[in-house]
Structures are given as C-alpha cells and as structure tokens.
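Right after this note come the structures.
Look at the two complexes coming up: subunit A is in both, with subunit B in one and subunit C in the other.
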Partner chain A sequence: MVKKFKGLEKIEVELKDEVYKGIVMPNSDSETLFLKLESGYNVGINIKDIKKVKILDKKIDIKSSTVKVKHNKNLPTVSILHTGGTIASKVDYNTGGVVARFEPEELVSMFPELEKIANIKSIFVSNVFSENLRFKDYVNISKAIEKEIKSGVKGIIIGHGTDTMHYSAAALSFMFDNLPVPVVLVGSQRSSDRGSSDAALNLINATYFIANTEFTGVAICMHKDINDDTCLIMPALKTRKLHSSRRDAFKIINDEAIAEVNYSKNKIKMIKELKNEKGAWKSKNKFEEKVGILRTYPNLNSKQIESFKGYKGLVIEGTGLGHISIDNSPENKKIFNALKKLSKSCVIVMTSQCIFGRVNMNVYSTGRELQKIGVISGEDMTTETAYIKLAWLLGNYKKDQVKQMISTNLKGEINKRIGLEFI
Partner chain B sequence: MIMINYKELGFKSGLEIHQQIEGRKLFCKCPAIVNDENEPNIKFKRKLRAIAGETGKIDRAAEFEMSKDKEVIYEACSSSSCLVEYDEEPPHELNKDSLDIALQICLLLNCKVVDSIQFMRKTVVDGSNVSGFQRTALIGTNGFINTSKGKVNIETVCLEEEAAKKVKEENNSITYRLDRLGVGLIEIATAPEIKDSEHAREVASIIGMILRSTGKVKRGIGSIRQDVNVSIKGHNRIEIKGFQDLKNIPRTIDNEIHRQLKTKNEEGHVRKANPDFTTEYQRPMPGASRMYPETDIKIIKITKKMLDSLELPELISEKTNKFIEKYKFSEELSRELIKMDIDFESYIHKFSKVNPEFIANVLVEVRKEIQSRFDKEVTIPMIENALGYYNEGKVGKDAVYEILVDFATKGDADLKKYEQVDEKEIEKEIKEIIHKNKNLSFGALMGEIMKKYRGKVDGKKASELLNKHLKQ
Partner chain C sequence: MVKKFKGLEKIEVELKDEVYKGIVMPNSDSETLFLKLESGYNVGINIKDIKKVKILDKKIDIKSSTVKVKHNKNLPTVSILHTGGTIASKVDYNTGGVVARFEPEELVSMFPELEKIANIKSIFVSNVFSENLRFKDYVNISKAIEKEIKSGVKGIIIGHGTDTMHYSAAALSFMFDNLPVPVVLVGSQRSSDRGSSDAALNLINATYFIANTEFTGVAICMHKDINDDTCLIMPALKTRKLHSSRRDAFKIINDEAIAEVNYSKNKIKMIKELKNEKGAWKSKNKFEEKVGILRTYPNLNSKQIESFKGYKGLVIEGTGLGHISIDNSPENKKIFNALKKLSKSCVIVMTSQCIFGRVNMNVYSTGRELQKIGVISGEDMTTETAYIKLAWLLGNYKKDQVKQMISTNLKGEINKRIGLEFI
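On to the complex of A and B.
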C-alpha cells in the first residue's frame, strides 16, 4: 500500500504503538518508508510494520524564487555556463530536496553581490559529474563559449565539477586561438547548499576579476587557502587538483598565479604580466580518441605496455626525471622491447609522477635509452596537460608535426624558467 | 514569596537535555576533548552565507544572527581536531560506540527506536558549526520515565554533534574554538507534562542519572545542559537555558513565573538562567528547524538483532538501592562506591575474610583521607594489594592503612614491619612497659606500645591487653 507513493505526499502512518505524520521522501524503497516529520527529521519506518496509512495532502510543490533581475547598462555582462558540479543549489526545507539552480534570477538571489559587479547571463550546458566528461563534452562547452563570444559578453565563467576541472581547462586552452575574452572555470569543494560552501567566494571573485581586468584566455579560479577571502586566478595549463577535499585543493605546478582576487576588500593583485593574443579568434576542436596514460611503478608488467597497441598517443608518467624500468632483467627487457615496438606507431611522451619539476632524460642512461627509441620529454607539463595536449594535437595535426609541437610551448603549458614556487 | 498554584496558572513545562558522550567524536577519529589544554596552533576565518530556503525567506533567529554580518574566526588545536572539523573533509562513518550509547539510552527511556536512522543537516547560521549546519538524527520516540508525580513522556531522543565554543565576540568578528565541535551529544526532549518547578528538577535529575548509568557519558561542568520550556496561561512559551546547577531549576522557574505575571504577554524567546535565580533576555525563539538530509552519511538500518545484542547497564539508582539494602551501607557510601565505577561484588568474593563495610571504607574513606593528607594518589591496585595481605592474614587490620600510606608515599611497603606479632610476646612487652613507666596514664602507655608495634598489632587488641595487665 506504500509502494504507490511517488514521494512528497503528506501522510499519516499508524504502527502498533506509534503514529507518524510526515512527507513521503522520494528515497523510500520497498522495505522502508522514509518520512520527513513535522520536526524536520527524516525517519525510516519498516513498511511491514505499518498498520494503516492516511493521505493528508497530495504532492507538495517545490517553489522557486521570485527575485527580478534588472539590466544595469553601466556594468559589463558575464555569462555563466553550467556544465555540472552545481555552484548554485537550493534546499527545499519542506522536502529536504537539494535542487540545482541555473536561472540568473536564482543565482542573483543566492549571490546578491553578483548584481553589483556585472549583469549575469546564465546558460545551462549540461549537468554531469566531471569524472564522466568525455571529449565530445569539451566540444559542446567550446561551442557554448563561441556563442557567448559572438554575443559580445565581457567574459565567461564555467561552472565545473572539480575532479577533472584541470583537464577541461587544458582542453579549452588548446582549442581556442586568440581567445578574445576571459574564460574562467569555477568549482566548489563544499556543495553550495550549505552556508560554508566555497562556491560563493569562487564565483564572486571570478566575476569581479572578469569585470575589472583586461585578462583574456583560460584560467581557474579557486580558494588560495582555507580562509574565505582570497582566490587565485590560476593558469589553466599549469594547475592541478592536489587534495581530495580541501577548498584550496588546486595548486599551481611549475608556474605562478595570474592574479589574486579579494572582492570584499576590492582588491585584485596582478602577478603575471598579461600577454594578450592579437588577431582573429578561431577554434580547433578535434581530439584523438586513442590516447592513454600509463603510470609506471616497481614490478611493472610488460603486458601493460602491450595493452596500448593501436594507440596513437601515450603519456608515460615516469619516476623521477622521467624513467621507466628498462634494464636487462627479463621482464624489464620485455618492457623495453614493447615500448620500442609501440613507439613506431604511437607518439610517446614522458612526464614525471613527482608532479613538480621538469623531466630531463639526459641525466641517466635510462633516459637516454628511452630517447633513442623515440620517447619524447614532456618537459615540465603536468601529466593531465600533456595528455590533453597530445590528444588535441593528434586530432588536428600530422604525426610528425605532433612530435615536434608536443615539447614546444604553445599556450603556456611549458615553462622554460621554473622559479622557486612549490607547495 | 507567594505560593504558586501551578494548576490554576495553566503551568506547562518540558525539558530538553543535552549530554556529551565520552570517547571519540561522532564523525571523525578525534578524541572527544571538550577543553583542549593546548594552545591553539591553527587559525582560519570564514564567511557564512545565509542559504535562502524555498521561499527566499530567512527565519527570525537566523536573521538575528545574520544581521551582525560578522567574520567568523576559528581557532583549533591539532590534538583535538582534524580536517573534518575545519569543514575540509567529508564526515567519516558514524562512530559505532556513540550509536550504541544512544540506542542504550533509548531503551532505558522506554523509547521506540526508529527502523532506519537518517542524519540531517540542521542549518545553523551563527558560525558555531564550521559547516553551517549541525548533523543530527532522530533515534527514538515515544518513551517515558517514572517520577514521584507520575509518568512523564519522552518525545524524542536524538544523536547530534556538539557545536564549537564561542571564545570572543567583537564588532565585526566572532571567534570560536573547535575543541568540542563534533563531540557526540544525546538530546532528550520530554513532553510538556512537568507538574511544577520542583518536578522539573526531579525529571532532570532522573534523566541525568539514567545517562550516567551508561558509564559512557562525560562528567563535570558543561557536560550536561538542561533547557527548560515554561509557559503559563495567556503567555507565550519561554525557554530558559544555561542552568549552572540542577538545584537552581525550581527557584529560577518560580521567579520566571512571577516575572511573567508582572509583565504583559511577550513574544516567545530564549532567556538565560543567572546564578542568582533570575533570568535575562538572550535571543528570539528559533524558528522551525531547517533540515535536509546529510547525504555524506549512509542511512543506518536498526535491526532487532542489533537491539537485542545491546547490554543494558544497571541503573545507578538500582545499584545504590542494592548496596543500601544488601550491605546496610549509608546512601553516601553507596553513591561514592558507584561513582568509582568498580565491580564491588568481585571484591567481596576476592577478600572473603574481610568485612564488606571495611572494604568499602578502605575504597572510599581511607583512600580519600590518605590522598588529601599526603597529596599522593592511592590507586585501585594498591588497595587490592593491601586488602589481599589482610585477607591472607599476613598483616592486621590497622596495617592496611599504614601499607597504603607507604605505597602512596614511597611506592613500596616493607611487610616485615607489619607482620602480626605473637600475642604472648606482646603481653610480655606490655608488662615490661607498665613496669618501667609506672606514672604514665593509659593513653600514654598505649602510645608507647603502638610506637613499637604500629601495624603489627590491632589497636583494639593492644588496648584490651593493656587493660587486662593494668588490672592485674
């Protein structure tokens, strides 16, 4: 008798000694009925113990906000593209439901500061966990960006799940030439339904940065540290998620921040000199599907290398300065032979699992041997950036060109002069 | 003071009791430390945002806090906090020990335990929870306790997180310390069925006793808090918080009734209990709790098997009565013994030749006396050893005290000093002492004897012998 509820009906259930009154929760299953009681608590009740059910009210509706947004002609317009990892969620306390919100009215009602910085456009692109993104999603996002550029906005914010935000940032960096506007990726490590969410600060600081600087290109805007005051504008190709849960999870690798932003103090500190690209913008948005990553480790089996047969590109995340086990012991010798064979048809790039620092394949004989069979140094690129770059290059250029371009700096992915910056 | 006719005034009152749980915190492995002795070595600041609900409205209590628009500063010690408290890591799985305690308490309060427990996020906007919400779950409903004035129903038992402690409030910032954030709390709400102000104290005291009976809850100042809801006819409900002592409850409630009788009906609000039994305005009554599911924590199914396997502790009140009835101990001694949290029955078996009252006295009174006299600790193993020697007849009754003094002050005791001396030898010695000190009083003679035989002979025995020989 309980199964027929879809959720959100107000009911009364009678058990042997108790009566519960509440709203049916959608997560109820065939064994347990979850009710949200008038006190606000949810409780699970064994369905087999229910003696009697009375419907008090049909489905409860989730209401939306009624805030009106006015266009302010003195302020620039910023578009927010939602791809997932909702930066704006609302709680419906009647039902306990958390609902992702994408309407500009909702964004402004949740983050009233935005209205003072810019006119907000809000565009829904997709709503997927970032670990599920595929190359075709990058193409979709790029098309949405193109549309916004054409509409003449001052800049674009991309709301993005944090897990693979640095991959997407890298993809967008390579896809656009002479990007005429800032494209800033923003995420949150604490969901936006809670008062302590980092989403607000990241979104507000990103909007403030776009509205008040001449920066163009792709960047990531996230917390500088665990305090809720300053965000870093981080170079899209030199940034990586380094912590599974902290709000300052994103760190810059082998480079420095573009700027520091603190909206509440009206402060933008530019750190990097801006080198804005001139000329007409264009995009190249093909990616090669058969590209992979292999992380090396002690006792690696040669079958791992063989499994990349048919691949057009492979990034090896080697140890130290860029190494993989290829000495004369039997299994390692097999690895060497497999690599030699693979490199005939596949572009192999070496990065370092140290994360920080540059690959240098001249220091030890292992590196020199690897170069001989065609493994190319990924310089100081992160594995993620090298992977996206390789897939993009193979999608748009010939193999010989790819081999030459992979270790050439195209968009800031390779830093020829690494300073003392570290964690 | 005028007598209060509670019934005529339409007196309605219920209690809400919060009790801290010992052990580890609810959703991380940090120790449940309430006041860390270390200096805070971590400091960070946050801005909490009001998360507007479905109507875009923020409730009254929330608005009251938000209007301050303050920066929140958090101080923490790495010894009592981790990323979970800083809201930099999702909660871990629920502490199973804490759940067991909550379930035990539900059963002791005759509650129906819910079939599935779902933790909720209760929105908190004053900064006392770094996350912006308190995690809380309804565990039991529909219980009762028996009191001298009849049954009082228990409406709910919840398991929740303790909030951070406010240490400073300035114009534009509030500072909290995170030591106690996340410590488990049991929240018990009674029905508004309390008959009068003294009854409120009794109900609070019975619930407190039941909580302590588990042996797993915190003791000391601030570890249990009683909030009292009071209303009388024609007046809105008032909540009184912050009682320093249970004893203050009746007078404070009575004063509050008198205050209300003298004032016009006010909007319901929260008042703070002062040590002088008066109350003062604290803040508006919180609006309806704004809760939504805590999706980071799995739903917990409570099976019959889980409940059956719980061992329910004997209530302190039952234990006290047992000591009084079985051994004829005083109520005071019985309570002190229970407080020590030892298995007294096992001592009676172990030291079967020793009088139970003597054992109890050594455990409670002798221990206390030596500790305060020498400012040294007397441990349970020391007492067990000393009682053991006496039980085996190696030393006399009086030697137990002396041996414990030696253990506590020197760490060791020379048993030879206290070996029981042959009665004939003592008699010989007594005769000699009498002979040598003909002018001395009985007391002085006793002093001479005990100087020589302290611990080796029972004082009572020595005095008997002395008497016998003086008469001769």
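On to the complex of A and C.
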C-alpha cells in the first residue's frame, strides 16, 4: 500500500492512536515510511502499524528561489558561521535528507528580514549534528571566529544544533578573553523550511540584537516562550536545554537573561548590566581529553568510578547539595575508597543533578567527608559548564591552579552566594 | 577567638561577603565552626575566614517536652515509617548531630496537629541519608509496608531523605501490585526543629490527605511553592528533585499533580482521576544489581561504555530527543561499536538529559541508528524512573519480557504520546 509512493506526495496516515499529515520523503523504504510533518519534524513510521492512508496532494511542488543581495553601507555586517544542526537547513526532497543552505542569497531568500538588519556573511564551518561534536570541533569554531573578528564584522552568529549548544557556548566563553564582538549561538527545534519553524525568529532576533547593542561576549539566543515573538539573549555559561522538543527548550539556570529581543516590535530590553571586558582579545584553546562526567544514582558500583582511572578531571553530578553514597555499608565503602584513590591524581568537582540551586558540601557529613578527600564544590555551576571548564582549565593551567580556579568565578559561570539561598 | 565557644551560644559571624546568625554546635573543631542557622540548616565555617564574631546569647536553653497521646476511635490510623533524612529529626545539641525522633509522643509534641487528624503509629526502619540507600533498602522498606498493610492501617507515610526520594518512590510503585492503601513519601529540606522547617507542613498535609481521601498507591507529598500552606500530592513515577535547597524542590515531570492539599484551610483539591487498582495485593521485590546509568556528553570516551561490561541493563541519559555521539569520526565510531557490542547482552534504554519532554528516536538518523542496534526508547520516563524500572524488570522477568515491558506503561510511568507533543 505504502510502497507505491515515490515521494513528495502529501498524505494523511492513520495509526492505531495517531494521525499524521505530511509529505512523503523519497527515501522511505519497504519497512519505514518517512514523513516530513507540518511541524517541520521528520517521523519514521513503521509501515505495518499503518491502518489507513489518504492522499491529500499527488505531488507537492518544491520551489526554490534566490534573491540578489546588495551591500548596504549603512548597516553593520554580521557573520553567520554554520556548524550544523537544524538551523538554516532545508529538506532536500530528492534525498529526503536535510541540506544546509550556506549562500547569503539563500539565507536572505529564506529570511528576508535579515537584509533590513545587517549585511550577512555566510560561512561554512562544518555540518555535524551537535551530539557528535568533540573538543576539536570547538577549536575549529574558535578559529573561524578569530578570522571573522579580524575581518572587522560587528558580530558573529553560530548556527548550531540544539542538543549540545550549551556545552559549545561554555567552551567558547572560556576560550576567549576580552572578546571584542558578540558571539551568539542560535539553534532551532524545527527545520527552517516549515511555517512553524523557530529558526527564523531566533536568527532574526539574534541579528537584530547584534546590530543594535554594544554587547560583547558569548550568548545564546532562543525562544523566550512558545509565542513566536520574543527571544531571550541567555548567558552562555548559565543556560541549559531543558525540554526535548519545545521551541522554548532553553532555560536559564541560577541566573537571569542578558536581554529580551522582539524584532517585530523593534524592541530590545536590556536586563543584565553589561560588563564588557576591556583589553586586547586573545584565545586559549586547549582542552584536556581525559575528563569525564559521572552521574550518581542509588546502587552505584565502584567500577564506574574506577573506569575513570588515569583521568585528569572528573565532574560528579551528585544528588541534593552534592552527595554520593559513601557510608559504611560494604558497597558504599568501596565507592568512597575508589574516589579517595582517584582523587590523588584527578581533580574531582561536584555538581548537582537537581539542576537548579547550589552545591553546599558543608551542611551534611557526606559533603564534609567528600571535601576531606579533595572533592571540590562546583558551587552553582551547571554540570555542563563545570565539565567544559574543567577540561579547558586542565588543558591550559597547572593542576594546583586548576583546583583553585575551578570554584572561582572567571566568566560569569559562578554567581556569588547570597546568604545561603535557602528560599 | 572562636575556640572559646562550648556550644549552644547564639552568635553572629561576619565573613568577607556574608553574615551568619545561628547557634554554635558543640562539635565545632579548631578549624571549623559549625553553626545551626535560623533556616534550620547547618553550616561549617572555616575559622580563618571569620572577620568578626558577636555573641547574641550566651547559652540557648533547649527544652524538650512530650505529650501523652490518647487513641481516638473516631480517627483513622496512619503509620509513619522512618527511613532517615531530615524529616522528623531534631538537632541533638549535645553532639551537634541530627537525631531522629521516633516515639509517637515526640512526633505529636513536635507536630500537635497530627493528633487531630489521625492516630499515629511511628515505626523505625532505618536511619540512613537517602544518598546512601541501595536496592536492599528498598526491599526492607517494602517489608515494613507489608506489615503495616496487614495491621489494617488507613495509610502509610514514609519519612525519607529528599536526595533520592524519587528513586525510592519509583521502586515502591513497581514493587506492589494492587496496593490497598496510600503510601506517601514525605521529606523535608530543613530539619524539623526550626520555625522555617517544611517538615511540619509536608507531614501534616500528607496525613490529612491519607485520612480524608480514597487514594491508594504510591505518591510524594512536598511543598507546592515557597508559601507554607499548600502541598502537592505528586505522582511517584513522574516527579523529580529539581532544586538543591528550595522547599518546593520537587517538580512533576511530563504529568500533573494527583491533588493539592491545604490542611489549614481544610481543603483537598483532587486533580487527577483516581484509578485505584483492584484485586488482591502482592509484591515482587527483586532488583537486578548489574544495572547502571550513563550520562552522555561531548568528547565521551568509549571506555565509559565498556565499564558496563557484564551488565544486564543500562539507561543512557542522552541529549535532545535521545542521542549519543555515534557518527563516523574515529572516537565516535568507537562509541558506536562499544554500544553495539554491549547491546548483545544488555538491555539499553534511552532517556533524555533535557529532563522535560519525550525521547523520539525516529526524527533524526542518530536515533534510528541506535534503534537498529537495539537501543529502546524510554519514551517520557525520567531517567530515575527508567533506571529503577529496568533494575526491577530484570530482577523479576525474562530478558524478552523486559524489552517489551520497558517501553510499555505499567504504573503511570509512561504517558501516551499525544500527536508529537511539539508545542
């Protein structure tokens, strides 16, 4: 029944509990039908689950048009660096895959507002799903940023997959000192060829913010809420993806927004006081590879700790105020001993799987025992920021310096403790 | 300057950026001063950081009084099982440690409202910080619950540390079929001898809910917000600690509350339709020990996956819709191969470190590749619930059954997908 589709048909598919409406992608195989949904998402449907199919349109006409972009000397220039992900991509209906659109002309034809805000430079860095990025990719992105800074642009947008955008934002924050321009990471939760995509709003608002403020440094620009009008400029080191699919998936953790931006109303509301760094910019871009994250859980086995043997750094994502099971029960005792052994050669930092709030290892005996064997409080850093910071510190500083710097605020990653914050 | 304190003095301590007011605990040593703060928390202050000390009261008089409790035949009986944690504990000012108060008389003298709501039975199970609990402790708690069910009480409260309360709540949910009584886990973020403690409100509202509704099954009762009046009765399998210190730290994930309870206004608002299970109750209480959680991150090393060699179950807390780095770069390729090897003998389940939202492994090729090697979607389960469920399933069912049951809703842990939920 389904095999007869060649692709590009608009259909309605009825399953047991669901109905999907979308365009058949040409790479559907004999077991799976791939549909491009109106929401912008692709979905793979097991053909044997299909109860009924209705054809809505025999073949969708995919038009592609480009416009001629002229340089406007009254507008600033903004570089868009493409690293991959859903932003600024279109489905290639011939292969069913998502293809990147990198020419300024194509970007402007997709997002015509851009031309009114800035002169757009469009630069290919990579085309990688963000879950596949590694430290070496952060270095590549930083080199592309350096090139753009030298070319004298007003600011830089990094188009990035949302899965690990907050890790990359943290990496870029630590790598640059005295960054003279804004570097704003932008992602989207829906591919940009569909009406419901969030790509346009995020990209346009980021460009508008860069063109019209004096902000410098690294930030993330994503939807404020599920209304398609306002974006938040979020602090790169205090932000996290907190929903797997919503357009407002990114949330600020233990901090506040830098600004709210609404291009359609020509409104930028600055929230945080700008503390732009002064002095000549420079970058330190080494990362220690032997750094990891251990998320604790009840019934943890000491083998998981031993798997980090030879590591230079470890972030433990503990429970509550920063705990891991280390009492005198035989298995927990093993965990304590494994940690004690590891801590002799490895910088161990504690964060909390509570996500919000602060680690405080002085309240309970568990925390105090951990401090005695050298575990360092991650304060109110997110696990992601602590991990990237630790790898970056170990790549660029000596161990003693790292131990001191990890719980010291360098770039806004640690807020000052206000009382005990026990609201 | 600090050494002269014997304990029980009320003092004000000035540090560089902070001022603390509290009672000196007698176990303060020559390096650290332990203060019991008015918030109910203890804090350890490094003596060399102290700038100034002011004595507010030379010795606080710690009074202890107990009342005589009479059985009221018009009220139901509620059992409070004490497992440990901050709830129903007082600071022992002689040692500075927190001691548990287990006699009904002492509970009622601490929380006099209890006597008006129910006859209280108070039972000691253990005195363990919840971060130290292991699967064997879940079995002990379940046996104590069985005993109380047989004794014919109206309901059971589990006093529990907050760090891993949601893991224990999940364990108890799966262990019992057709639970004939309510089992409500209650914790507190402040010890119960201080005015600002949340112990009283949580315990009183839980007792009031048990005494006055027909709810059966497992739930969590904690503050709705930072106002000290209303608690939420939260679904045991869809709740998580989401702040390290706030009283309203527990949040419902991908679901809604069972009820809102405000004892001071005699108000219970039922929110969720009750689906009480019928039939004879029974319990299955085995857990497979060789089950773990792997939280993914950029630059993950395949060794972390290999550390689960010989495991029967693994929950991967992936990124976004359920991803892990498995593209063709050499290091990521190693991760894919390690996963492929492990999946031959181990049931691997995917959850999302986004916390909120649903895993969907049909949208991107990464998810589809993972499904091909046998990784199973955890749907909208929290990582904690998926982990406990997997360990419990592997303890009680055959591997083929486990693979089918893990992504099937058994006890409310998986909500039906509504469309694609891409708000």
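Simple rule for what comes next: the second predicted complex is superposed on the first by the 340 of 423 C-alpha atoms of A that agree within 3 Å, B and C clash if a C-alpha of one lies under 4 Å from a C-alpha of the other, contacts with A are read in each partner's own complex, and residues count from 1 in each chain.
We adopt the following convention: contacts are C-beta pairs under 8 Å (C-beta built on N, C-alpha and C of every residue); 3 or more make two chains touch, one makes a residue touch a chain.
Given the structure is predicted, the values throughout are model-derived calculations rather than measurements.
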item	value
Partner chain(s) touched by A:358 [first = subunit B, second = subunit C, both, neither]	second
Which superposed partner A:180 touches (first subunit B, second subunit C, both, neither)	neither
Which of subunit B and subunit C A:49 touches, first, second, both or neither	first
Subunit B versus subunit C as contact partner of A:304, first or second or both or neither	second
Which of subunit B and subunit C A:200 touches, first, second, both or neither	first
Contacts of A:109 with subunit B and subunit C, given as first, second, both or neither	first
Touched partner set for A:190, first subunit B, second subunit C, both or neither	both
Of subunit B and subunit C, the chain that contacts the larger number of subunit A residues	C
Residues of subunit A at both interfaces, subunit B in one complex, subunit C in the other	17-18, 37, 39, 41-45, 189-190, 226, 244-247
Contact footprint of subunit A on subunit B as seen in their complex	44-56, 83, 86-90, 112, 114-118, 120-125, 130-133, 136-138, 141-142, 156, 158, 288-293, 295, 299, 301
Subunit A partner contacts - residues on subunit C that touch it in the complex	17-18, 37, 39, 41-45, 128-135, 162-164, 167-168, 189-190, 226, 241-247, 249, 287, 289-301, 303-304, 306-307, 317-327, 329, 331-332, 352-360, 362-364, 366, 368, 384, 387, 391, 416-417, 419-423
Footprint of subunit B on subunit A - complex, ascending	15, 17-18, 25, 32, 34, 37, 39-46, 49, 62-63, 65-67, 90-94, 96-98, 109-110, 189-190, 193-197, 200-201, 225-229, 244-247, 264
